[in-house]
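Letters A, B and C mark the chains in the order given here, with residues in each chain numbered from 1 onward.
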Amino acid sequence: MTRLLSSIALAIATALALAAPLKAQDASEAAEAYAPQKVVYHLNEAGGDDGAGYKPALNNIQNHINAVGADNLDLRVVMHGDGVGLLQAAKDNQQLQGLISGLKTEGVRFLVCNNTLVGREIDAEADLFDVWPEDIVPSGVAELAKLQTEGFVYIKP
Amino acid sequence: MTRLLSSIALAIATALALAAPLKAQDASEAAEAYAPQKVVYHLNEAGGDDGAGYKPALNNIQNHINAVGADNLDLRVVMHGDGVGLLQAAKDNQQLQGLISGLKTEGVRFLVCNNTLVGREIDAEADLFDVWPEDIVPSGVAELAKLQTEGFVYIKP
Amino acid sequence: MTRLLSSIALAIATALALAAPLKAQDASEAAEAYAPQKVVYHLNEAGGDDGAGYKPALNNIQNHINAVGADNLDLRVVMHGDGVGLLQAAKDNQQLQGLISGLKTEGVRFLVCNNTLVGREIDAEADLFDVWPEDIVPSGVAELAKLQTEGFVYIKP
């Protein structure tokens, strides 16, 4: 190719690039903005008997999924101390059950501290909503540290 | 170099190192103590109508800058949920405006969650103090995770 | 060693490994579950005049040690702002003193923010329980960031 021809080719390529639809570029940037994330949410506060105090946290998690995409997100909730109250309140609260089950459907895992269960004499099966053996971790705080050591980032909602 | 010569050279180098002034060494250690930092502060709690509840957090940030040095610090504040109340309270509060503007002068960025703006029908321009389009992030919690994934460390004041 | 002999040696070694008591294997797995951790706890809230509000945090830390093992854990508590109230309350509270001293025996370090001491005119020796010069850091928040930058993970109890 002569020098003139390659200059022309470059000019055409540049023109084509500039003409690319802006929307597509925006979408690509948005996808790039929130790359895959591993996140642990720390829940250890009381939410009231009706569990209303937990709704902002559950709402945060849903917004987090909406922003990043369920496929891009490994999100775990570690509950200990008063934070276990979420699953106690949910036991008799269909709205909370719906929110929690919805998040589980999108891949969120709710992990419960065994130290709290033993210390407060809570029976996971009888007293908490939808807890399975694999959801119980020996220590909530040690689990928070372990997950972060493995690359999860921390958010206290 | 012969073995003898290199032993002598090592002895001289060691003596020079030991003779280095203590002050300089201390200063170097102090500078080393707080090496460059990337930090994200998480603000999602209410601070009262007058915003007085936000002053400790703003004070923490100023102390952080004083300790590390503005040039050594990339500090961002992510506000969502009730935390956006800081910029609502500042809208009519000159003291808060002064604190926020002062921190901005030192490089602090205040980022606002768009989910919160939409959900609470907050108009950034009309209702918040000094928010620009580049200060609005799609999701506060996803931004907290993104920044940490990029090497920012997390502080909830 | 001939090929035959080394095959026999390998077989014996494998048999011995498989015959190892199950308990030992379990313990090894448990130890693996919580590999060595470096953790910083952030304390900046008030705990009441009697310091009762600090007990859950101290309890969390003890549970953390129990789960991971003191030898596996480098755990620091950074106190600033109202969080320094822990050591103020402990000054005249033997129960808190016992809890704090017990944790120190297991390697926990309690670090105090000098900005808070100066700002609130607190005399570490006269007003706080068992604080030594090496326990005082220039800035609590900068220390939180420094430790995380050095690989500590963050927990706000």
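What we mean here is this: a residue touches a chain if its C-beta (ideal position, glycine included) is under 8 Å from a C-beta of that chain, and two chains touch if they have at least 3 such contacts.
Listed by chain with UniProt protein names: A, B, C = DsrE family protein.
Everything quoted here is computed from the prediction, not taken from an experiment.
Asks: Could you classify the chain A (DsrE family protein)-chain B (DsrE family protein) contact as same or different, where same means more than half of all interface residue numbers appear on both copies?
Replies: On the two sides of the chain B (DsrE family protein) and chain A (DsrE family protein) interface, the residue numbers are mostly different, under half being shared.
Asks: With a Cα-based fit, what is the angle in degrees between chain B (DsrE family protein) and its identical partner chain C (DsrE family protein), given to the nearest 5?
Replies: In degrees, rounded to 5: 115.
Asks: Distance-wise, how many Å sit between the C-alpha centres of chain A (DsrE family protein) and chain C (DsrE family protein), to the nearest whole number?
Replies: 27
Asks: Please report how many Å separate the Cα centroid of chain A (DsrE family protein) from that of chain B (DsrE family protein), as a whole number.
Replies: Computed from C-alpha means, the inter-chain centre distance equals 24 Å.
Asks: Give me the residues of chain B (DsrE family protein) that touch two or more other chains.
Replies: As it turns out, chain B (DsrE family protein) has residues touching two or more other chains at 154, 156.
Asks: Which residues of chain A (DsrE family protein) touch chain B (DsrE family protein) once you look at their complex with the stated criterion?
Replies: Residues 30, 33-35, 37, 39, 56, 60-61, 63-64, 66-68, 153-157.
Asks: Where on chain A (DsrE family protein) is chain C (DsrE family protein) touching in the complex?
Replies: Those in contact with chain C (DsrE family protein) are residues 42, 44, 80-81, 115, 138-142, 144-146, 148-149, 154, 156.
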